[in-house]
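What follows is chain A paired twice: with chain B in the first complex and chain C in the second.
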Partner chain A sequence: MGTPIPREIHDLEHERFLEEVHSFEFWFHSVEGYLSNTTYGHRADQVDESPTDPVERQHLITVLCNYCIGETAALEGASGLIAIAPNQLTQVFLSTQVADEGRHLEVLLHRMRELGVAYPAQETDRRASRALKQFRVELLKLVEGRDWEAAIFAQNVILESLEFSVFRAHAEIADPITKQILEGIIKDERRHIGFGENELGRRLHGAPHIRTRLARVRRELDHLVLGMLEDSSREIGVPADRQADLARSYSQCVERLGF
Partner chain B sequence: MVDPLEDTDESAPTQRRRFVLEETGFDEVPARYRKFYRKWRGAGDQLGPNEAVCPVCKVVIRSSRELWPGDRLYCMPCMSRLVVVRGADGTLEARVSY
Partner chain C sequence: MADTIDAYSIQSWLESCPQSYLMNTEHGHGADEREPDFLLENEVLREETIKATVQLVVGERCALSASSGLINSAPEESSRRFLATQTLDEARHVEIFTQRLYDLGVAKKDLESTIQRYANPNLVKFAEILLEKVDRKDFVAGVVGQNIVLEGMAFSVFELMHAMNEPVNPKFAHTLTGTIADERRHVGFGENRIGALIRQHPEKTAEIERMQKEMSYYMLATFADAFRNNRTIDALEEAGIERAHADYQGVDIGVMQPEEMEDVLADTVLKEFKIRLERIGIEYQTPTRP
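Presenting the complex of A and B:
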């Protein structure tokens, strides 16, 4: 590694900062802070206060099914992106994202089992939002097409910022175990959304023509984004007039990027 | 016309205030960096003169120095580089610098 870290972190040179935060070492000591005393994403001694009302319980299971599809898409997307990443630093960062997404999928499947779902994978396939499933297909097409910018835009900007907002809204009203699981995932998502926005921001600065292509990708995916938001809001129980709040993180990000 | 020399604001500080950063309970970055960040505590929360909110991930970023326009900040939780600017309402805010 390069020069030592100064006492005031904000004095660090930008290249050195990126080297530090994209490292596996940084990731490892970050997640250690909030995951080391948990079992499947929550404190082991937490009493389960999940909904006893059958209708509410089924809503929660459906929400978790949607989260599983989103996390599976991100897991497959991030894994595929490693092969087309522009440099080793980015490859290493994406390997940490793959670990995060794999953990998210595992804890969500585990939570479904705790709620009495015998076959979570089958249930996920049966219940998940059509828009989300289609988004997964479109994301993987971009990855298979080796379109780095478009795939990062779809995955780390669109998908991750929607997850970030939806998980935050859900955590406010969820039962304690689901809340703890979501809060752990949200902490991981900060890295993913930040990576996506900053990577694209740097690339757009250096090659403005990329903007036209990404604007087209955005137009093609926007109806799926709206569908995902509507489905998630309905199942979580977010009032219609607050749905715009869920889209805010995504809309602010694309605005900062100049779309 | 006002002489530019007379127009200088003599009350403007010329030296930055310094702050001793203590742990805030923030746990999303390695231990040695945690004092530079804290959670936003909601509507009643107030930023100190050495603090700014990250527009990307909404974490509060802290410095051991009073923030002035033009300062660089790093948000480690979301890996963003930010620049401190004076917003339309006169308060300091952080903007992403790609």
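Presenting the complex of A and C:
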């Protein structure tokens, strides 16, 4: 798209680094690499090898319904967070995240249409996991309560880490189109998790009491997350011996912040 | 409806904006384009340009808050997805106009104090009226205020600024070309989406008409302050810089006095409001002229 961002970005001093990575310009150059030549998240010439077995196909649709609820929660959360963002830089980053989450929702709904679902939004409401729906409610409560740290923790650390782990496991065994869609989403999630870790890392360093509050938020949300992981593993078809890896991958993301 | 959804999808936005007119740009303009020397070297011209750019940042910050705030009150997910692209467009505008302040010599540490110093109180009031609707999660009034009134104003202001800058400041004219293209999309969404909602909620009409009248008043007051207290033309004359001809709405604003330019802009915006509001079934309310 535009002029490339310099490669030595990690050599920049911290404030300048944040200015770069939270900007529209950075987003613009990042997504170009993996979104150009795609339509609705995948290459237009990719042959659809989605499951022909009706049971497997229904499982895939249910999984996509859950992803849609997760992305809807992320879209609502990120857009709500703009109103309570502490400065222009974080507002701009969250705006790129809003567009990313909107895109994820769009490509997943489109994938469901490709799989023959006539009304994906209704199907999503009908099939999505109860734990995920509850997580969406809890996340919005934190955003509406204007609790910046807790909402960023729930959104950019817990939810994004959960999605990152599940999508990565699913991409390994998915049909080629679903795999391409998920790989594009995973690249976005990496940026979102990085923002959450950076934003909270600095705040936790300056005010350790925030850690106690966030640990409580994690305890309150953990049972929902574990429920979602279990549901997702079953629907995706992750072998039983790999399910623990999925939970571990999620935990590692969250524990990088010291929780 | 299917065509409408496709036209406002993120896929369509990716193809028409980042993968189209933003290609090969940096902060909205060519990487080698700079603000002209005569602007940077003349203190009065530089300050007037900073003042005008601050109003753009204030307007775009309001648009960013409004478009992101409307996402969660949108009645259907296709509108949410369009507003997600609009949120990013507005954030880009905030970023490129902020970058222009830096290009004009504002230090990064002085950004907020510069904005506070120069932000026009009438424009702030204009923004508050809109954001109050957004905070109340009033989607219909919010979209009319945002995508018809605010974006309609921005569209005409950008076009006027583009006409004035094209002959003398290609860098800023180039920046404005992208924002004009964005605003055109936003206004189009407002007109297409909101007409049906107004028909579903006729009880909202009176409140929306009041909002339009009030916002229009503060918009005109902002224009009045911007043109009547502007030292640009005097500074150009003093420096012996000849004004360039600039066609806007069929008149040469390059030879006009500030008050005449104010009239042309105000009449253009209000005429556009009237046309767009009629299309969505809202009766245009003539504002008091400040």
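In this section, the second predicted complex is superposed on the first by the 248 of 259 C-alpha atoms of A that agree within 3 Å, B and C clash if a C-alpha of one lies under 4 Å from a C-alpha of the other, contacts with A are read in each partner's own complex, and residues count from 1 in each chain.
Simple rule for what comes next: a contact is a pair of C-beta atoms (placed from the backbone, for glycine too) under 8 Å apart; a residue touches a chain by one contact, two chains touch by 3 or more.
None of these values were measured; they are calculated from a predicted model.
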Simultaneous placement of chain C and chain B on chain A, clash or fit: fit
First, second, both or neither for A:Thr39, with chain B first and chain C second: second
Which of chain B and chain C A:Arg216 touches, first, second, both or neither: neither
Touching partner for A:Arg146 - first (chain B), second (chain C), both, neither: neither
Partner chain in contact with A:Leu12 - chain B first, chain C second, else both or neither: first
First, second, both or neither for A:Gly201, with chain B first and chain C second: first
Chain A-centred angle between chain C and chain B, computed on Cα centres after superposition, in steps of 10 °: 100
Which of chain B and chain C A:Val98 touches, first, second, both or neither: second
Which superposed partner A:Arg242 touches (first chain B, second chain C, both, neither): neither
Contacts of A:Val21 with chain B and chain C, given as first, second, both or neither: first
After superposition on chain A, the shortest CA separation from chain B to chain C (Å): 12
Overlapping contact positions on chain A, where the chain C interface meets the chain B interface: 32
Complex contact set, residues of chain C against chain A: 9-11, 14, 18-19, 22-27, 31, 61, 64-65, 68-69, 71-72, 76-77, 80-81, 83-85, 87-88, 90-92, 94-95, 98, 111
Interface residues, chain B side, partner chain A - complex: 27-34, 36, 55-57, 59, 63-65, 71-81, 96, 98
Residue numbers on chain A that touch chain B, as the complex places them: 5, 7-10, 12, 14, 17-18, 21-22, 26, 29-30, 32-34, 187, 190-191, 193-195, 197-198, 201-202, 204-205, 252-253, 256
Chain A - residues contacting chain C, complex: 1-3, 23-25, 27-28, 31-32, 35-36, 39-40, 72, 75-76, 79-80, 82-83, 88, 91-92, 94-96, 98-99, 101-103, 105-106, 109, 121, 140
